[in-house]
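Naming follows writing order (A, B and C), and every chain is counted from residue 1.
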């Protein structure tokens, strides 16, 4: 029997084993770093994160300090963004307002992703009766608009940041489960799943140890996309008065308190928080886009 | 078929063609100075393994390269016209009138949202015909390709027709414009053997009728031998040998061609007559930089000059050229594997079979129909023996494998026994001993190995779950396993994506053998691999069996491969066992009529003409099987009403030889001395 | 195909049933005593009890549920507390108003987003493609009230060419009504554009890469014909399914848009119902919204199966 093995590492790989995998990782990160959209998005997000962390230090005035005598003052060199209807400095409130939304939205998305991924794995793996039943329930949930579900749930549980996180997380889970389920259904057809069954592996092992690592790609993309929607939903709920409550300097709340005044010509308490929301959302989307492109290969 | 005189323009002329692709920012050479000419009316085969660039050559002839591809230098002339100098409009005109292509996966090559008739007629409307005229001519073409109900087919959508039928439609579309050049790129890969044979016959007949030149691209030497006048062997983007088909295959003059021919089990090769030879090393990656002769790294005859100076195409005589400094010595290429046969513990029938199944039956419920995938199957597998399972799509062979493994539950009354003990239908109900005793090697190693795991983890997990070893005992066992499948242990931390197909399949084999199984089901284990790798894996399987006395249930559509490895063979049709016997017995007369037809469909690498038996019609649907003998609707040896009314039992017609047919052994032995009357067609 | 539709219908009904249970259970969880909510915190407890008795609040949950479902089916859904009118009247008017707005938005967004998506796909990887993709997605993700604020500021305050509310004066003609609805419709357009365009783009890219497109090109067809005849038919199929599911976002968006623009549609009605704990309106309203969504998806499924020959005609042997 020949020892000059056929089709075995001869000539031996030049680099130590495992390097090719790390090289692929490095390539992906290089792609990320070179993507302009990703960088711009990350940059903007970075600014907001700094605002969230160091809010009070960066703000020129106390965001909670009311000054009824100077209410609804137009933007000036004293107050770059003007003052709101009780005289608070809009600029400071915009800076500090980053904190709540940057805590609530990611937390909610994370919760939703964890629940949704588990649901998706279970329905995708078991199919059959389990899948049918759970899918019907998910369908029923999806028929009710997110915002309405949010309102109802928060009315029932009382508005607080924690409630908002839980509600949004739970409401997003079915949508994420959908996507994960589709990915799992594809993976399930692959023979490595059958090979695992041939070792009499238990179902939880097959789902979480074998299949899950292979659907992490779609899961991560879902996470970043849902993050954008989470920001959207948190802001909308605050705007409707059902989310974060005044006097918190949350941007949605600010719009909520002032949009009736637009017709009176008082545009600045509304425009700047609204722009902040818009820019944050766009930044998150740019990051999501960059990640999706880099991990597509 | 002799080549036409070269006075008129060649149908295709490639002149030192260089094509490159940009991958991850780098330009990589795919075709290195390829030159070839196809004369008018000639059929030229381009053969090579994956990555050699043959499909690229085909697409270049149509100037259809992807966005990241370009012609770096060289020339392409089609029917005398310079393809590279043309405008886009002229290229379109050329595609519409002079060149056609037929490629793999016929059903996906047709637009699923447009009716067949419209798609075929389009070929004519491009050239200016009116809709009605085009419709008529389309129907004519469909008749020419022997479609029996052209009007009906024209109204249908592609998904409603079988793969073979769709390929006929595509051939009709291709020939409708009466092209100067017809390009076929693996047109029969993925089709059943009998269907493949019919499609190839059709192509040959059409070639005669339309006198087109043909560029036939395939990895299969047997198909090229059957269909082509001349052949070019492509390796790493270079033509390394070229000449008339018979010349090259009988008298190869390049070490690569020599090696390739030695890899293929042909002419009755069997594991106990001699090992298959292999080609050492790896196929070069796409666009690899190679100094000197492209084959130098893997050549057994390599000398220093080979690495320094690339050989020109040297004339060998008889219109035969070879790109080798030492082409006279090519056939003395030293063997990599010893030619000694694999010595196996003879399947010495000590009586108790390891694995047996009785009255196996499986019914699926689809759309309200009951589909009987496997019907009344009874099989035995003895210790250390290989039972080859042969059958086309719908025969039930994959279902049978899944039933034995416990991945699918059989119907009530089906019995599966291991060493005399009954096995549970569902694998979750079997104990660890039973689970590790029956394992499988899948066809597609990309899907069979979890791409996020390292090789180490894959094998270690199998050891832990099947055997229960841990720690250092497991590590040493892992090393042993890797050695036994000749897998370089230095690669153990890599992931499957970084390994070649052959290496991945070795890992899959190691995993199957982790628990010292008694039976391993091999489900098309080499079908997804290149020819040179296939031989190595077959040798490996044979050696492992000899060493460990494992029994194999070997499933393959490639009859040469099955014959090489199997001790006994079972032939399945529509879920029923049609014939069962020793390998040599089944492969020669007397044999079941279906087996006879199946064997006649397989092109042999020696290209010798065989009486071909054509089976009419398509494989019947499971939901509505024919009455009586399920094969009677297509059987070329149909007797009469008895075949239609009465399903024959599986009878032992000779010692150890069973079949399901109303004929007896003597009757068929007599009958099969001549080919069946109406449907005989011999190869051109 | 009839079998397919039948199956979908049955599944939809089951989902509908589940939906009704969820809505009912959900509303039971809302805090508050119905009678107390109507009569206010200062009313006499006896009066509250009597009212509760009258409203059937003391019956068992099951019979309350059946009463309610029966009411929905017979279009007798009780009285709205916030509007002091029968629920079905409130909902009926609201649905008509919302339908007008939604229709206008759809008429604008569907052709625009499909064209945008296909255009982006045909120039995949180019700057124009990235702009459309990214722009579309960002527009979708920006909350509708932000768009509303921006649009009102620009068009109403600064330019003064369009009104800041959506409710036209009564007895307005067709064009006046449209004038009032333009701004809110465009808010909806921004929200819906991104997702539909993305699906159209993805579907077109997939079709462009398909084998059958390659066959068409190799036949010698010019690019435009290839796209028109071969690609579009296949790429737009998945987009249809998406348009239906966008109804869900649409209704959610309506809630916010109608509130800002002070428009008496179904969104605003539900919002008021939630704010004022108007259970009859809330329950039935959410149910109606759910029904609309399920009908839309059912219609989309049917359209998909009619247009897709692979579903319409089974494979023959």
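FYI, a residue touches a chain if its C-beta (ideal position, glycine included) is under 8 Å from a C-beta of that chain, and two chains touch if they have at least 3 such contacts.
Just so we're clear, the structure is a prediction, and the values are computed from it rather than from any experiment.
Two chain pairs, A-C and B-C, are weighed by contacting C-beta pairs, with A-C ahead. Among the remaining chains, B is positioned farthest from chain A, on the basis of C-alpha centroids. The distance from the centre of chain A to the centre of chain B, each centre being the mean of the chain's C-alpha atoms, comes to 48 Å.
Per-chain Cα centroids separate chain A from chain C by 23 Å. Measuring from the averaged C-alpha position of chain B to that of chain C gives a distance of 52 Å. Across the interface of their complex, chain B is touched by residues 210-212, 214-222, 229-230, 233-234, 237, 308-310, 313-317 of chain C.
Residues 62, 64, 92-97, 100-101, 103, 105, 108-114, 122-123, 126, 156-157, 159-162, 170, 173, 367, 618, 620-621, 624 of chain B touch chain C in their complex. Chain C contributes residues 11, 14-16, 18-19, 22-23, 26-27, 29-31, 130, 133-134, 137-138, 141-146, 149-150, 152-153, 156-157, 164, 245, 248-249, 251-252, 255-256, 259-260, 270-271, 274-275, 277, 282, 286, 289-290, 293-294 to its touches with chain A in the complex. Residue ranges of chain B in contact with chain A, taken from their complex: 24, 278-282, 297, 336-338, 405-407, 427-428, 430, 432, 435, 439-440, 442, 444, 447-452, 454, 461-462, 465-466, 486-488, 490-495, 498, 500, 502-503, 506, 511, 533, 536, 543. Here chain A touches chain B in the complex through residues 1-2, 4-13, 17-18, 20-21, 27, 189-192, 194-195, 197-201, 210, 213-214, going by the rule given at the top.
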